[in-house]
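Each structure below is given as structure tokens.
In what comes next, chain A is part of two complexes: it sits with chain B in the first one and with chain C in the second one.
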Partner chain A sequence: MDNATLKERILGIVPDAKFQENKQFLTFIIPPDKMHDLAFKLQQEADLAFDFLFCLTGVDRIEFLEVVYHLESTTLKHQLELKVQTPDRENGAVDTVSDVWKTAEFHEREAYDLLGIKFNNHPDLRRIFLEEGWKGYPLRKDYVDEVNIVEL
Partner chain B sequence: MKEVINLPVKNIEEEEYFINMGPQHPSTHGVLRLVISLQGETVQSLKPHCGYIHRGIEKMCEKDTYPQIIHLTDRMDYLSAHINNHAVCLLVEKALEVEVPERVKYIRTIIDELNRIASHQLWWCSFGMDMGGLTCFFYGLRDREKILDIFEESFGSRLLHSYYTPGGLMMDIHLNFQKRVKDFIKYFRKKIKDYDDILTGNIIMQERTKGIGILTKEEAINYGVTGPSGRASGFACDVRKHHPYGVYEKADFNEILGTDGDTFTRYMMRMHEMRESMKIIEQLIDNIPAGDYTAKMKAVLKLPAGEYYQRVEAARGELGVYVVSDGNKTPYRMKFRSPNFSNLGSLDHISRGFKIADLVAIGGSLDYVIPDIDR
Partner chain C sequence: MKESDFRDNETLELLKQSGGNILLTTLADIMNWSRSNSLWPLTFATSCCGIEMMAAAAPRHDFSRFGMEVYRASPRQADMIVVAGTIVNKMAPVLKRLYDQMSDPKYVIAMGACAVSGGPFFYNSYHVVRGVDHIIPVDVYIPGCPPRPEALLYGVMQLQRKIKLETLTHPRKTENLK
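Right, the complex of A and B next:
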């Protein structure tokens, strides 16, 4: 499916998705409560068939936190980038997509561990790299490490 | 006479219990801890605990300039260091819209493939050792040494090279490079037959790996298992074929796919891949065009504000680099989608129902490198 048709198709499923200019991928900003439904449809419907989630990233945007999904269809060869922005920095939560794409389970744990993005209904939301009881989320821009101060 | 104390014996065949494998277990090839729930000898479920060597490379990247970041990527998957460097270089070149000289593309592709062979050789020797064949370890390391010697002569380092720079290479290849690579291919074509004789045809090894740790194609895609492990399940995921970079388009090579998705197929994929890599090198090594070894680059590299993504085929699967730039000389956020991290996600699923001894074979065939998981 070419990008123009794909754009129509996505806007058909989620009318309030916001299109974003991007050179490499077709990018949309999806409202947090619509993401799980969209993910399920993207994977299941035959003309979309986005079966491969090749990257999931958390980004700290100062005012809010953002989750970026990179999707590809292994059969139809089209790609898509989706972004979900939490309404605020501290309490924002996003629905998990680990029931749709299993690979998201580890990547969401990483985003939780390092950025503090919470994922609703995640089967095993624990810290993955840092120890239990670690204070703060290191990849946030306002993180201060009081033990290992390395100023460059 | 000593008094015999009869302790109450629980029936371990029926009762579920947990054991720790790692963090210092030789077959985890690093510091990975697996908490395994067992019933008798059968694995019920398994939880990987990572983070023993988490260094926060992504956080460090936020303070470093792009040429500095290349040195950090060496330390992720140290066995395919060149390929990690390549990913960052391609990303910077794409963002700055720099066209690198044709010579650079050829050299990078050849060295990537040499690196892939060296990586698979080390995998082969450690897999053989996991299976109890210590001779494999010496055979593999002996042949890997030849490649490391070529690297050392050409640019001075053996493991962590940082040879690629944004726009080109750090220096030109050594005068002997082409001759030595051709000699190596001639040498290794003979030696890889020994690999098959000593391990592939071994009946004990085959019994221990066939039908063990099965991953279907749908599961491989769903779990994001890429590289030789994904292709063993029939998942056509070779980035070199589907999103070509370097001069892979000019080389004629096959993306070999398996059907069974078991441990033995994963083993065979890597054996085939070494031969395919040699085929690529043979086609390119005589055709390196003359020219500069680097494009003209500015002293300070500032990527235009925006987001960039670059995929390459590392030795263990797809490596993705995602950069959010705000127009400064350092990235705002840098994420590495490392192949081993995603592959590890499937370990729990594929080892369920198999014996704990099979777990060593399954882990060996997934070929994880811990610094790449933890980053």
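Right, the complex of A and C next:
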């Protein structure tokens, strides 16, 4: 499926998805409550067939926290980028997609570990790289660690 | 001899202690010769320096020419550990444990900027050990990011020179190095 038809198809499923100009990927900003349904449809429907979540990233944009999903269909050879934003830094939560793509389970744990983005209905949401009991989320822009960090 | 005396690569041998019994010094020479020409490194690499270390072991550079022959997967069989790569705080106790499990005499080469000082992760990083000498005593430092295989070869040869200075009356004791 080419990007123009794919764009129409996505906007058909989620009408309030916001299209974002991007050179490499077809990019949409999806409202947080629509993300899980969209993910399920993207994977299930035969003409979309996004069977591969090749990256899930957390980003701290200061005004809001963002989760970026990079998707690919290995059979139909098309790609898609989705973003979900949550302005609440303390309790901001996004629905998990680990029931749709199993690989998201570890990716979401990483985003939780380093940026403190919480995922609803995640089967095992705990730190993955850092020790249990680590205070704070080190990849956040406002993270302060006076012991370890040497400021340049 | 003191660790702090190793300043000048060119005059390393001049620091060798004079005097001593002919029998003992000859015995020491034989031991040092066999020890320095059969250094068994531990298979240990934490990042990109490890790739250079593998390249140094591969046929093109081939450090088995200098006696750094077989990589051992168990610290109990290794003489030497090349710390090739970044050591993060979570890895530090593991490295210390590996070092403690090696049998004496044991040697450490800090390969690359990360192992020497923390390197590119010195500033604005929350998780990197700034130099592996915070954890274990280091014999030879090899700068570079990552160092070329030739640099590693040179570092190994410096370590061999250092080993050749040991005597039976002044053996290297790692317990004394704090």
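For the reader, a short list of remarks on this structure follows.
By definition in this document, the second predicted complex is superposed on the first by the 151 of 152 C-alpha atoms of A that agree within 3 Å, B and C clash if a C-alpha of one lies under 4 Å from a C-alpha of the other, contacts with A are read in each partner's own complex, and residues count from 1 in each chain.
We adopt the following convention: a contact is a pair of C-beta atoms (placed from the backbone, for glycine too) under 8 Å apart; a residue touches a chain by one contact, two chains touch by 3 or more.
None of these values were measured; they are calculated from a predicted model.
In the superposed pair of complexes, A:25 makes contact with chain B only, with no contact to chain C.
After overlaying the two complexes on the shared chain, residue contacts for A:146 are found with neither chain B nor chain C. When the shared chain is aligned, chain B comes close enough to touch A:57, but chain C does not. When the shared chain is aligned, chain B comes close enough to touch A:70, but chain C does not. Note on chain A: of its two partners chain C and chain B, the one contacting more of its residues is B.
In the superposition on chain A, A:132 makes contact with neither chain B nor chain C.
Judged by the touch definition given at the top, the superposed model places A:16 against neither chain B nor chain C. Common to the chain B and chain C contact sets on chain A are residues 129-131, 138, 152. Those residues of chain A that touch chain B in the shared complex are 22-25, 51-55, 57, 59-60, 68, 70, 74, 77, 81, 101-103, 105-107, 110, 114, 127-131, 138-139, 152.
Chain B contributes residues 50-51, 54, 56, 58-59, 63, 218-219, 221-224, 235-237, 242, 306-309, 311, 318, 320, 322, 324, 332-333, 335, 337, 341-342, 344-346, 349, 374 to its touches with chain A in the complex.
Against chain C, the residues of chain A that register as touching in their complex are 129-131, 138, 143, 145, 148-152.
Across the complex, chain C meets chain A through its residues 89-90, 122-127, 130.
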